[in-house]
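Letters A, B, C and D mark the chains in the order given here, with residues in each chain numbered from 1 onward.
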Amino acid sequence: MESLGAVVQTGVSPAQPALGRQGYVRAAVAGATGYAGGELLSILLRHPGVRIVRLMAEIPKPIPMEEAHPALRGNRLPICELPALDDLRSSDIDLVFLATPHEASHNLVPGLLDRGLRVVDLSAAFRLKDPAAYPRWYGFKHSAAAALAAAVYGAPELYAEEIRKARLVANPGCYATSIILALTPLLRAGWANLAAGIVCDSKSGVTGAGRTPSERLHFPEVHENFRAYSLFHHRHVPEMLQQLGLEERDFIFTPHLLPINRGILSTTYVRLRGGRAVEEIVSLYREFYARAPMVRVYDAGAMPEIQAVARTNYFDVGFALDPATNRLIVISALDNLAKGAAGQAVQNMNLMYGFPEETALG
Amino acid sequence: MESLGAVVQTGVSPAQPALGRQGYVRAAVAGATGYAGGELLSILLRHPGVRIVRLMAEIPKPIPMEEAHPALRGNRLPICELPALDDLRSSDIDLVFLATPHEASHNLVPGLLDRGLRVVDLSAAFRLKDPAAYPRWYGFKHSAAAALAAAVYGAPELYAEEIRKARLVANPGCYATSIILALTPLLRAGWANLAAGIVCDSKSGVTGAGRTPSERLHFPEVHENFRAYSLFHHRHVPEMLQQLGLEERDFIFTPHLLPINRGILSTTYVRLRGGRAVEEIVSLYREFYARAPMVRVYDAGAMPEIQAVARTNYFDVGFALDPATNRLIVISALDNLAKGAAGQAVQNMNLMYGFPEETALG
Amino acid sequence: MESLGAVVQTGVSPAQPALGRQGYVRAAVAGATGYAGGELLSILLRHPGVRIVRLMAEIPKPIPMEEAHPALRGNRLPICELPALDDLRSSDIDLVFLATPHEASHNLVPGLLDRGLRVVDLSAAFRLKDPAAYPRWYGFKHSAAAALAAAVYGAPELYAEEIRKARLVANPGCYATSIILALTPLLRAGWANLAAGIVCDSKSGVTGAGRTPSERLHFPEVHENFRAYSLFHHRHVPEMLQQLGLEERDFIFTPHLLPINRGILSTTYVRLRGGRAVEEIVSLYREFYARAPMVRVYDAGAMPEIQAVARTNYFDVGFALDPATNRLIVISALDNLAKGAAGQAVQNMNLMYGFPEETALG
Amino acid sequence: MESLGAVVQTGVSPAQPALGRQGYVRAAVAGATGYAGGELLSILLRHPGVRIVRLMAEIPKPIPMEEAHPALRGNRLPICELPALDDLRSSDIDLVFLATPHEASHNLVPGLLDRGLRVVDLSAAFRLKDPAAYPRWYGFKHSAAAALAAAVYGAPELYAEEIRKARLVANPGCYATSIILALTPLLRAGWANLAAGIVCDSKSGVTGAGRTPSERLHFPEVHENFRAYSLFHHRHVPEMLQQLGLEERDFIFTPHLLPINRGILSTTYVRLRGGRAVEEIVSLYREFYARAPMVRVYDAGAMPEIQAVARTNYFDVGFALDPATNRLIVISALDNLAKGAAGQAVQNMNLMYGFPEETALG
């Protein structure tokens, strides 16, 4: 946890214009009643450099925030209102977090940018570089080409410099984060035998599916149950392929629904191109993530599990290797609402405004 | 588990007309896609004296039963159809189980009785003797007075004789069963100090709330959570008061939602009128339930828990007594879908057709 | 549910000596206090052709069975005693189920066979054909070579004829069953590209780890958690390789611990040798398992999940295929205590004594 | 979240000697490997005025803290060592948190006080004023009479002044906190009819039972289960009676085990002495807790639930009243590891050292 004093000392140079005259970021949250919205609020409330100035959601009438998030009772938060974009002005607001559905984000972002607001969008609306991919994977036609071109993919461990300057950050998907951070060091080093195929078997808690009730997410349908879904066609696949530079034919991603609230654990199978000791893998990842405070690379023999990352912003990664056959298993874990959504969004905001990357996330 | 042979030998006298010429009961189930409906099917499938001849539910179009209940895949069951009462004839069907909403049952039952069918109704539509109670507790006006007058309250441990002859059995509520069977021996013996008040603190799994999705029953809202609800006004209260002969002012019933699928445990606090040893309480209950094969009375010192009754049709009851102050705690447990709904419904059917009471339930 | 009448008609020829003069199987269970032991009892209690004549466990003193398994309260079962092999005689007992640790089974079986008893052993002590494999995988030296040579691997779908005549059945492991039945049709047909490697990513409920308390299985360490374990060296691997005819280098098996009580779901990745439609896969499995009443092969598009098999003896299997790349995902599910242990043991007993295979398991 | 700057401005006067020359509290934790110990560490790590200088536990050999608490991986914490009291000196340490068993605390505290250290003891060893109560309730003879006499019961909402000056704080039990804070305003106002009896029906998550594995807390024994325990004789009863000024004959406390990790919800039944509107109750509690930042009193109609308090230090309380009969139900909720243990311990430390009460707890 960083105090504002520490922030001023270490993170923000006087010349950086990011923090306004106020000395803090004035943040708005749209989609505040969902799970990612609630997580955003709980993180922002402990951020010493942020004030939450506006809350919005598609609700029948304004409500106090504790009606949607009982744990937030007692915090001084604005009333949650219906979205009214014409009221959002850069004189009052610096940054808008969008925890809204894909199409809603797609429709909102150009107007927000035009108003001079910076945006961190937690939906997928600006993650895929190719607008033509949206009809297949997300079922809508993308018509915000300029914003899409300007968007920066918000993986702080990979694109910190671009994020610092970004006006629009496309916050990565939860599953996508668990796979992209697990594979990037290996792929960039050229150690993986791509032709042998990569298999990612992922398991996620239920909050990753959002807060809208449905029979498939009704308590008795999930509890004491476990199932795979979206085999060969989950929406996060194109985002992973784009970031990893892989072809669909060399990559399988299979999501499963865990009977827990929060957390993703991914088991990824890769064949290496040549003989490596597991300690070399550990070293490769340690070097790659040397400046990434939210990544924890495990020693050989130790393995991430969901409880180690739940309600933290950490991305944890560990390895098992069969040296006789060069087969590597990468185990990665994160909290889908934190590092997989709201925590990563704040991490991006921290970069955008010159706060230490882990502020409010440690 | 009873084989049909045993049934014929011990349960059905030749003079009893209950079993038709077929030698088995032809049963229909309405509301077959819900949790109680599914439980009914799994019990009836192992009943040697029943054939399931018709399945109905309010669904957009007919479906194979395994679409609603994957565990039933591979069983030979009729397609689940939309209800069409004119098609239900006593030439094809002996008994209809209604696992339908209260108002639907209210509307259906008179017609079914007119057609000569026998009915076990799992809703509350025919549980309360006073039709005037329905608007307050269930929000609809009761207009089936003749059926209501003819209905027998389906607690086999209390009304076996009436149930044997009944054409309409009103199957008790799950919470109600857990309280009525826990208190009846004590109250009938006159051992309780009613003026001191009786407090029933009940906890139920989620299937008791049905299968319709809602935000309150969305997985992440229930898991790692626990809450009380309907304080002082749960719908099962009038049913309990009616059966126990108590006044509302002497009785509190507080339900809570457990993050489990199945089971109810009730903790009931009673002050005794005079000094008793706990062994006397155990003996009282053992005698009262001497002929009740589905009731298990625990020795002093042992206590029911939900796992002991889950997926069984047993009602379990145990006691703790503070002899210095005559304060008694009664712990009762049952499975809300079995003894609290479908299992008790089949137990009633067994009585109606002369099967041993525990057939398919042991 | 089969009545004994049906059994006699369809399953047992008069010439078959399996059922003794009693007309039923006199069964003993060793290890009766564990989870598999409890599941055995609940199945055997509803088996019309079995009497449970002796229960044993390594306990300080004899106990009524309900102390270990509260749900069995009220059933007439023998007292659970300490094992005393000299008391086990073929004049009193036909078959012994061993739900005991590997080494205990290893030590017990030769004596039981010598006494003329038949044995279904739920441990791994007689599953691996090569006695030299035991030190590496199970940590003890195997010295019961004759029994090992006589043992039949108890997969009823693969070895029904051998099981019928067996005196010692080595009941398969829970994970092993979920993989062996998922892959055998494909491998026997020669459709899999073995050189591309097969990846089995399995997830199991906690009862699979037994009933001995440990910190890793303490409730708060499992609930809201999920983890992989035994990467590249789970004990069920040699059993799978032996049955599937695979080399260790072509096969990965990764188990994970689910925060549920019962059930295994395995996600298996295979590359096909040539172009196939998913319907061909379905047909291949349907034919292969045409006479296997406990296997349910899903249509293309439908997928097994744990709730569909929990507390049943079914093995469910479904498929997703990427025809462009010949990559196949096989999803298989079973209940680790039923088809993965006690249910399969009874299925083997049914074959050994001429009962219909699914008796007490349907 | 308070920054140290805010602390200095608002909470600590220059004359107060509580904070040493270092400007921060040097804290040690004994029992660091348990659940309460781990929670203490995660709270203290975000406390701007504390440094964790020593960690101890009864372990075979020193371990890095992340071995016991994987979520703490990556934090700079001392190695966890075996306790060696002679090494604990006031020149290095200001305050020791004891998250140790009752008897261990009983044996340790006098020596710690002698060394000039302040102590917050999370065990029950110094909660009961009467040393003669210990053999009955805790099974050991109390021989630290001087420390017991000096101990302050650490309920900050009731004893803030005494806690500020205390050298030894006896941190309240988790269940006790949930009942004491729920009843004190009502009892002090004299509104309760004590002769009618008070019934407290409490339900707790499993971490309240500690981290030692046992069969009763083995995952499959708790999951999908629920049970009452310690009827009429739970150890927290004397603590409640002492604080509430009640007699055992007028008070029932029944704990139950919830299949969740964290949280207690208590349902308390009281009869009022005279007619009151529920709003009067709310007002009474709001006034009583007007200066208690960690108490949230709900409006009539709203009710606490465990998710509202889980992983927070809040104590939440709400009310349902039957005005016709003056029967009141009080629903109270807290997190057993936070407000019920480690959070309350830090709240006490905050008072002892002049930090705002909610520092690191907001």
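We adopt the following convention: contacts are C-beta pairs under 8 Å (C-beta built on N, C-alpha and C of every residue); 3 or more make two chains touch, one makes a residue touch a chain.
The model shown is predicted, which means the values in this text are computed figures rather than measured ones.
Novice: Averaging each chain's C-alpha atoms to get its centre, pick out the one most distant from subunit A.
Specialist: Farthest from subunit A by mean C-alpha position: B.
Novice: If I superpose the C-alpha trace of subunit A onto subunit B, what rotation angle comes out, expressed in steps of 5 degrees from 0 to 180?
Specialist: Superposing the C-alpha atoms of subunit A on subunit B needs a rotation of 180 degrees.
Novice: How many angstrom lie between the centres of subunit A and subunit B, each centre taken as the mean Cα position?
Specialist: Their C-alpha centroids are separated by 48 Å.
Novice: In whole angstrom, what separates the CA-based centres of subunit A and subunit C?
Specialist: Chain centroid spacing, subunit A to subunit C, equals 42 Å.
Novice: What whole-number Å value describes the gap between the mean CA coordinates of subunit B and subunit C?
Specialist: The separation of the two C-alpha centroids amounts to 36 Å.
Novice: Residue numbers in subunit A touching 2 or more other chains?
Specialist: 221, 223-224, 259-261, 305, 307, 310
Novice: In their complex, what parts of subunit B are in touch with subunit D?
Specialist: Per the touch definition, subunit B meets subunit D at residues 196-197, 199, 201, 203, 221, 223-229, 231-232, 249, 252, 254, 256, 258-263, 265, 267, 269, 271, 303-307, 310, 320, 322, 324-325, 327, 329, 331.
Novice: For the complex, give me every residue of subunit D touching subunit A.
Specialist: Residues of subunit D touching subunit A: 1, 3-5, 45-46, 48, 70-71, 73-74, 224, 296, 305, 307-312, 314, 316, 362.
Novice: Taking the complex as given, what residues does subunit C use to touch subunit D?
Specialist: So the residues of subunit C touching subunit D come out as 35, 205-207, 211, 213-215, 217-224, 259-261.
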